[in-house]
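Report on the following structure.
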Amino acid sequence: MTRKVALFVTCLVDLMRPRIGFAAIRALEAAGCEVVVPEGQTCCGQPALNSGDRDHAVALAKQTIAALEPYEAVVVPSGSCAGTIRCHYPELFEHDAAWLPRAHAVAGKTFEIMAYLDEVCGWRPEGVSLDAKATYHDSCSGLRELGIKAQPRRLLKSVEGLRLAPLQGEETCCGFGGTFCVKYPSISNAIVGEKADAIDATGADLLLAADLGCLMNMAGKLNRKGSKVRAFHAIELIAGMGDGPAIGEEA
Amino acid sequence: MSGFTDRVDLALADRILKVAVERTAGTAEAKRAVAVDAFPDFEAARDRAAAIKDHVVAHLGAYLEQFEAKAIAAGAKVHWASTADEACRIVIDICKAAGAKSVARSKSMLGEEIGLPHALAEAGIGRVETDLAEHIIQLADERPSHIIWPAMHKTREQVSALFKAKHRSPHEEETIAAMAESARRELRTQMLGADVGISGANFLIADTGAVCTVTNEGNAELSLVPPRVHIVTAGIEKIVPSMPHAIHMLRMLARSATGATLTQYTTFYTGPKRADDRDGPEEMHIVLVDNGRTKMREEGLAEMLRCIRCGACMNHCVVFRQIGGHAYGGTYPGPMGAVLTPVFDGLKQSRELASACTLNGKCQEVCPVRIPLPTLLRGWREKSWREGLEPTSMRWGLGIWAWVARRPALYRFGTGVAVRVMQILGKKGWISRLPLAGGWTRYRDMPKPAPQTFMNQYKKGRRT
Amino acid sequence: MSARDAILAKLKGAAPDKAAADALLIAPERPAVDTGALEAEFLARLALPSVSASHDAIDTVADLPAAVARYLAAQGEPHTLCLPRDPRLSACDWSGFTLHEAAAPDEVATLAIARLGIAETGSLVFETAPQAPMLPNFLALHHIVLLAVEDIAAHLEDAPLVGAQPRAHYWITGVSGTTDIEGTYVRGAHGPRFLHVILLRGAVG
């Protein structure tokens, strides 16, 4: 039976690193899914939600719900965007009898990509190899809102030649925090500075995570401090695209 | 008073502060982890602790009346205060009636919250802070920077210099043990000579009228047993139904705060000394303080009334660990402080606290009573937005972005333009200066995006 | 309106249901204690770094003065003792000791009887009473505590008194300590720097 899934690309992947979206499609297809990319999607509304701008958050949530509800399942290559849909949409419509069931319905069938591939599909990458030492950062929303922890590690284990080096403070926030990093850049910098040092201390060639916002923050800091560590979204490696350009490398 | 960002800049520039905060909070984090691992089913215990507090908050009025009746029956006098000023006035009046020249105070965050140190000074009543950290704070004429370790921001070198300048017979050896000994010598006679002992309460036991204090130093008992009068100032949310409920909360408190299985000294005071007792105060007064708590209960912050002031949220907060407690500007720092300070100081004064958080959820993960701190902070952000307190640039920026994001075709056009602009600004894959994102590129580089957005490439038929 | 009325007016609601409150206490999560080996469990907790208490054992109360003398001698302290006016203690032969009833600010050692020991935490449980002052137990450098082995209970829930409460019911779990300077633990912040438990195999009397 083919699973039909809608890919919610996320605004950041759409804008900054499309190959994460294509890697997601490739991995989902390898796992036996039929992938469609719904037209009406833009952003899940998380920036508005986290800034207190409820009206715009609601408007974008409605747009996203309408775009995604026709599909069997929705897969998102980001823990924070998936968390927004799964955990916060139902909260947004708590007092809206018309939209609450729709929000719940979409929330119930929306999955972060690692969880979907690992837990729903029970899939493992086959014939994928990459000779590298990587370290993994657990992005906060995925970890604490959705319980994403073992899934990416199980998937990465099937990438031949890939070794995972433990990261000191792997569950500690990188200091991205959406608009936080531009509202309070000096605090954010202090936090990501420590994160970058911890990443360097692993001696890994690659930094992996499953949320582009966090990855851009950490990769941007690593580059500024002259680190040689290269950053990828974990799905890129899982989909066999780990031999391409890392974040911030020319194609 | 300087603004939040000024205080942040000051804190971030202070490398000694960073070292000091890291030493204490880092140790606390590690010790808590060990204690929680050793405890059978800490997650279920958190559920129970939250349920106990929710039960109390739901029936708060009735439990307060029960507590009051029991405390009065045991010989205590119970006072009620709606505001901080009222609470201070009650305490000062009791002190004056007792002819008090000096009071010994055992660390109480509620006392800090209502401004009691200041009120005592204004009334001309001498104050001896007996908790070691509060003693340091008093000598330095500062405010606490943490609710468990008020002097967390000070290094041993700074404490040593302070004691040498202020103690009558200071330590000679440069060790922490010698410094603690110096404070012991300094404070002992002052404690024993106080006319009034003032404490907070960790718990109020409804069915006995007892007030529970916990310390590791023993300073509460030394402050509260010798004086003729004992005054307790307690937030009304400190109630628990009975001793077994308190015991569950005590297990959670010690493990979450310091990683201990229990505090060294856990004392339940019920009324003043009995007729034939050898020691203890002749009068016991309990001041039950609202100061915004009933309002919190009504206005969506009832979950915050679960808080047992363990400090785990701040010990585990990435922001607190960078800026320390003083930058928050309120009595309570860290995540719990960011939720509470707007209640006491007003949202206009303190709206930035809720924003200065990455919403990473670690605080909620370690909270022994499962307070959804990120949700409550989002609530403040929402109120701030609704009341127009957020900066105009932010309001406009988000407004325009959201307006475009609700029009997918226009959005695709806009993102298409954006990536082309960023192509021009980027060099060797990175953008080191990006207009409108100076906060980002001041400290880190921005990866240059691909020449076309995902949606454009997908539309043109790219699939993998 | 008084503050009391104003506060209670905002908190009107159903009276708490005793059954609902009790239901919150069913099978509480707590450290496991081997009830068949309470003494060993208790002693193991006493030895924890956070408790740091020493201990000795005697067979009858009559052996108490010798045990106290042994401890003080080992500590290099004089045989001077603050002894509360408890008939169970006064009955012992304290010859060779300098005794006094009230504790001095620089009191070296005091003796007290714990009503209970708690195996879960290594806590000692006390109450104030005419024969049991509280201050000496916090003032002295050495706190020496007599505890009957049969009075060791498993959990903290066993500690509270039923019925009328004394002025103070208190649990001492180790020596006075502080981590207020740089999070570093040091002993003897304000209270006793040493806690010595003398276990009594027989009954206290």
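All chains are identified by letter, namely A, B and C, in their written order; residue positions are counted from 1 within each chain.
Following the convention adopted for this analysis, a contact is a pair of C-beta atoms (placed from the backbone, for glycine too) under 8 Å apart; a residue touches a chain by one contact, two chains touch by 3 or more.
Being a predicted model, the structure only gives us computed values, none of them experimental.
Most remote from chain C, judged by the distance between CA-atom centroids, is A.
Among the inter-chain contacts, the highest number of C-beta pairs connects B-C.
Look at where the CA atoms of chain B average out and do the same for chain C: the two points lie 30 Å apart.
Here the spacing of chain A and chain C, counted between their Cα centres, is 54 Å.
Those residues of chain B that touch chain A in the shared complex are 5, 8-9, 12, 318-319, 322-323, 355-362, 364-365, 375, 378, 380-386, 390, 394-395, 398-399, 401-402, 405-406, 408, 411, 415, 418-419, 428-430, 432, 437-440, 442-450, 452-455, 457-458, 462-464. Note for the complex: chain B touches chain C at residues 20, 23-28, 38-42, 44-45, 48, 51-52, 55, 58-66, 74, 80-82, 86, 130-133, 136, 149-152, 154-156, 159, 176-177, 179-181, 183-184, 187-189, 191-192, 208-210, 216-219, 221-222, 225-226, 236, 241-245, 247-248, 250-251, 258, 260-274, 276-280, 288, 290, 294, 297-298. Chain C contributes residues 2-4, 6-8, 10-16, 20-21, 24-25, 28-32, 45, 48, 50, 84-85, 105-106, 120-121, 123, 128-135, 138-139, 156-157, 159-160, 165-184, 186-192 to its touches with chain B in the complex.
Listing the residues of chain A that touch chain B in their complex gives 9, 11, 13-19, 21-23, 25-26, 29, 37, 39-43, 45, 47-54, 56, 59-60, 63, 91, 140-141, 143-145, 171-173, 175-193, 216-217, 219-221, 223-224, 245, 247-251.
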